[in-house]
Amino acid sequence: MLLEIENLVVSLRDTQILRGISLQVGTGETVGLVGESGSGKSTTARAALRLFPDHAQTDGRVSVAGVDMLSAVPAEVRRVRAGEAAMIFQAPRTALNPVRRIGDSATERLVHVHGVKRAAARTKIAGLFEEVGLRDPERLLKLYPHQLSGGMLQRVVIAAALSIDPSLLLADEATSALDVTTQAEVLALLRRLRAGRDLGVLFITHDLHLAAAYCDRVYVMKDGQIVDHQPGATIFEDPGNEYTRALADAVPKLPEREMEVRG
Amino acid sequence: MTVDLTTPVLTATSIRRRHEWPFYLSAGVLALAVIAAVFAPLISPYSPSETDFSAIWQPAGGAHWLGTDQLGRDLLSRIIYGARPSLLGAIALLAIATVLGVAIGITAAWHRGWVDTALSRVTDVMFAFPGLLFVVLVIAVFDRGQLTSVLGMALAYAPAIAKFTRSIALEEITRPYVDAYRLQGVGGLVLCVRYLLPNLLPTLVGYLVVLFGEGLMSLASLNFLGFGSQPPSSEWGLMVEEGRTGVIQGIVGPALVPGLTIALVVVATNVLGVRLSDKLAVRR
Amino acid sequence: MIALRRLGAMVATLVISSFVIFGGMYAAPGDPVSFLIGNPENMTPERIAAVRAEYHLDLSFISQYLIWAKDLLQGDFGSSMVYQQPVTDLLGTRLPVTLSLVTYAAVLFIVIGVFLGVLSALRRGTAVDALITGVTTFATSIPNFVVAVVLISVFAVKLRWFAVSGPGEGFFGRIHHLTLPAIALALGAIAVVSRVTRQTMVEQQTLDHVEAARSYGLSSRKTVLRHVLRNSLGPVITMCGLILAGMLAGTVVVESVFGLNGIGSLLVEAINTHDFPVVQAILLYMVIAYMVVTILVDLIYPLLDARVLAGSES
């Protein structure tokens, strides 16, 4: 198991954000985590990297590639963050440092965490840029984030995440801020990469239909708890409970024909 | 000298537990200052100009609670009497600057268009003059004295107040009640004065209280240089200047006592100003 | 281009300021000649005639202004009524002292101010933060002439570590003599810079790219340096620039207290002796100095944050 969360409880002051979450992600899988805002899905994803709010109290087990993140020493935690798992945030524009050039930000993992020489890092990143579908990588390296579109920035972020050859990708609403066309492109890209590199992907979204269409398995979260867990293909035909049904119904129903396309 | 006069008062938003004692202490300090200014003849132990050459440069204690200066005058009495010109000067300065600044700010915000641009350009020009310069020019031309120094400083502070007022007025004007009155046919001037201005006051007051402290310091500096109040006034800045002669010989009282008085009053107004802004902001 | 507009605004401000400075002569009560000459004893017919000729007082207001402005551009700032010397000579001898003082104070407030700001931001909420914030708030409430007097009484008179007055001879003598004045000048600025730095850094720390950096294992030290501090440079340096610009005009009090023969004390002298040409020249110098510094800051800012150039890019 790439990512194994067992009974994770996270509380901040008097509120419980997560009340005993258990989920798993294996190599080669795309696992969806669906919930409304405030359900705790982002907190769950960040738990895999041991990124908790200040002063939060935690309990349970979070294992990434065999390392228990909650009890590991800081050096181990950094090793996992730097080499095993990578997170892709919702808004690529804010996830990149706006005053530094793209090349500088994209190679930061390699140069400043792994000690790779700058020239070598740039070559590797340029190669990755091409792999994610960005044309003219050399020119892009010299630009600033505000000069690129959201879609291009998200590709930059994905390329940077791949530069350390992670085994686990955590995509936190990675496509929610993009327009529909770009969203489809990035999703296709992620699927291609996952297959080609044997990654495990935890795909967080508020869109149940998207998760059902895209992911192998889907967990549904509400108020800090997992309330449903189904294969993506069957989650609409047989929603495990009321809440999932409500989520499914909240979106205007797609005609039967379109549901079959995603087979 | 003061640097950026348009910074809205910084609020202490991250402090969880509120300690109220600074507020009460500051209010107390300011109350003392006001009492001293108003009731000086009644509470002062000596006359401020009463010299006693047998008791020059006395340390604190005994007959003179804060000591005496180089002419044997009681420092405590001079401080008490000095509250009047010190505070009055700052109040006058603030009053004039506020009337000018608020008028310009609201006019610019209300009319927008070329009126706004013109007024903004003018205030920007005045802004390009580091504050002191304006005063210096006024004093150089019209000669020194409390009146010219206060007027000059008021002209220096007015642009900052105008800028601040303009920005909060612009925001306030977008509120629905303004349009409501406008549609009812209420004239611009009446609207601004009777309805708009009172709603701007809470934000303005916090800002102005802090500006009062800065104005007090600036005026004291001018008086220290001899450009404002003249002897035998015991305005605090002037007292520091007069106390300088003793400093070289090791007698620091006559210079430091008025200096620390200024500092205390300014700290008190700053604390009060910040707390006021907090309380008034919360109410909105 | 934005730069041209800014430059145009600056030039306009300069022209208007010079107009106001020039016009001061006429705003004074009485006629310009007696105002310029000042001392009634010197008002001999020859003197009056000389002044009238020198200042072209028989011409129209606008003509006088234009001649004055033309002279300025050629470096002629007129002559001092009191010293009977070209004003530029006077400024020339006094300027180095003021510039040394301001430079010294600038080094102090930038280094110490930013350091304290960074420290209180990184130790936010702790006793260190509270201490720094408290001290800096108090420091902004003490007028600089009081600070100056306190410094003199403690360090010069009581402890005898420093001289009481005078600018000092030679490089090290100069530094020694200017230390107390520089501290007096810089204290308020240190407080402001520290507060702004802290505020900016705290704001920057909440941004996503900081969390992103931590998420891929970047060490705390590097995260703070490369993401928080680096991003705070823009606003902080702008503030330092503004303070510096104002400081060039604000040395008056400190120079008076410490007996330094710089531009500030020359100004005080000129006001006391009614030497208006000198006052005019100094005011102009202050306006120009202020503008030069603000222009420099405007030029540096895009180097720190490329987003401001966004208007001219795709």
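Letters are used for the chains, namely A, B and C, taken in the order the chains are written, and counting of residues starts over at 1 for each.
Note that in this section contacts are C-beta pairs under 8 Å (C-beta built on N, C-alpha and C of every residue); 3 or more make two chains touch, one makes a residue touch a chain.
Note that this is a predicted model, so its numbers are computed, not measured.
S.K.: Could you name the chain whose Cα mean is nearest to the mean of all protein Cα atoms here?
M.R.: The chain sitting closest to the overall C-alpha centre is C.
S.K.: Report the chain whose CA-based centre is farthest from the CA-based centre of chain A.
M.R.: Checked the centroid distances; the maximum from chain A is B.
S.K.: Roughly how many whole angstrom separate the Cα centroids of chain B and chain C?
M.R.: 22
S.K.: I'd like to verify one number: the distance from the centre of chain A to the centre of chain C, where each centre is the average of its C-alpha atoms, in whole angstrom.
M.R.: Using C-alpha averages as centres, the distance is 52 Å.
S.K.: Calculate how many whole Å lie between the centre of chain A and the centre of chain B, each centre taken as the average of the chain's C-alpha atoms.
M.R.: From the centre of chain A to the centre of chain B is 56 Å.
S.K.: Quick one: which bits of chain B touch chain C in the complex? Just the residue numbers, please.
M.R.: Those residues of chain B that touch chain C are 1, 3-4, 10, 14, 121, 124-125, 128-133, 136-137, 139-142, 144, 213, 217, 220-221, 224-227, 237, 240, 243-244, 247-250, 252, 255-256, 259-260, 262-263, 266-267, 270.
S.K.: So in the complex, which bits of chain A are touching chain C?
M.R.: 46, 49, 51, 78-83, 86-87, 89, 91, 94-100, 105, 108-109, 112-113, 144, 146-147, 161, 164
S.K.: Would you tell me which residues of chain C are touching chain B in their complex?
M.R.: 9, 12-13, 16-17, 20-21, 24-25, 27-29, 124-125, 137-138, 140-146, 149-150, 152-153, 157-158, 164, 188-189, 192, 195, 199, 239, 242-243, 245-246, 248-250, 252-253, 256-257, 267-268, 270-272, 276, 279, 283, 286-287, 290-291
S.K.: Taking the touch rule as given, give the residues of chain C at its contact with chain A in the complex, in rising order.
M.R.: Its residues touching chain A are 207-209, 211-219, 222, 226-227, 230-231, 234, 304-307, 310, 313-314.
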